[in-house]
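Have a look at the structure below before the remarks.
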């Protein structure tokens, strides 16, 4: 059976409840649904200076969808999941607003948790998105974190 | 600052979206919200025989709340989370319906994921709830899984 | 002391709770299980595999070698299957 | 070949994309970075730390020693910070 995979890149906000319901509605073979919502914080990524006014997310149209699809496919092949959804916003996002959503469904909780963590770690390090912080004193690009690379590395197949 | 912890045992269903929103609304210090929904499957826990008609969840009133509260407190002390919610239903639950919800919020995704997994592993093995499966040929208590004990054991402090 | 039973332990004993006053020689949870097992067939059946039985004293999980002195509420139940 | 720039690479180069036809001696992604760096100050600035720059060929991540022969679309960008 084909596992339903939904990938959307959009400027608009998303509705966590609708996406969770979409993966489980009308099915009785799903025991676990994990959702991860990534939200814009107001503190700067480097922890210094003033609060940010907004994040601006730039992406590589075309590649972003394809790269996420490749990792979604890998998640489906590695864990017995029954459905997954990835939504990533781009454009201007205010503190407190949603940035990214990953929802995974499975018969068992381990698979749902692992697939969601795997997808988030890869979104952080491999999906072609770049964050710029806008503040009262100008704007600057967010640096990549070594700890995100470390987190992603744990999923590498030996 | 006190971390908001919500624990509810109830017969009624819950609303994932409302609980996710309650943890993050009006705050700009939260970067990650993880939700886990445990859902009633129609296949029997031992994989044998007919589909189940319903699960009936019995619990130990008083102890269940206290036991969940102890683990919520431990999660708060182990990870930098900014809020958590645990809702566990009891009574009769039909296939496809919600059983349990854990929502964790944090500045960072690792803490939110770890705290949610920790709480679920402990709910499975330590919270005083017992599932009975009702089917066309009678009803029977669900056996505990060794793999749930193994999952919970990984959180033990050395 | 109030003794509570849950899930199939409750079903086998045939009641959800009762007030009991075990003799002083019944010192631990294991002693209490052994003492209960001799109260009748329904108890013997409920506790036929004592190692499977989990216990709580005053709403805290305890091992079977825990002393019951001072306990107000002792509960017996199968391994938990919540979540 | 279409060459794309993103984030601060785009800002430094001063454009989002351009069509380029590098000479045959430019064989790898690293060669292309070196060749671009000599096209002007804006490129030299964008690629001043070539090891930091990530590259994709036809929308797949590649290492800088990857050959560019046959590439339709080459993209340069900083380490990703999505999610």
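For clarity, chains are labelled A, B, C and D in written order, and residue numbers in each chain start from 1.
Keep this in mind: a residue touches a chain if its C-beta (ideal position, glycine included) is under 8 Å from a C-beta of that chain, and two chains touch if they have at least 3 such contacts.
Note that the structure is a prediction, hence the values are computed from the model and not measured.
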item: Each chain counted as touching subunit A and subunit D at once; value: none
item: Centre-to-centre distance between subunit D and subunit C (centres being mean Cα positions), rounded to whole Å; value: 71
item: Subunit B and subunit D: spacing of chain centres that average the CA atoms, whole Å; value: 48
item: Separation of subunit B from subunit C, taking each centre as the mean of its C-alpha atoms, in whole Å; value: 26
item: Sites on subunit A at which at least two other chains make contact; value: 38, 109, 120
item: Subunit C residues counted as touching two or more neighbouring chains; value: 83
item: Set of all touching chain pairs, with the criterion as stated earlier; value: A-B, A-D, B-C
item: Residues on subunit B engaged by subunit A in the complex (per definition of touch); value: 15-17, 20, 24, 26-43, 51, 95-96, 107, 109-110, 112-113, 116-117, 120, 151
item: Of all residues in subunit C, those that touch subunit B in their complex; value: 4, 6-8, 10, 56, 59-61, 75, 77-83
item: In the complex with subunit C, residue positions of subunit B that touch it; value: 38, 45, 57-60, 62-64, 66-67, 88, 99-100, 120, 123-132, 141-144, 148
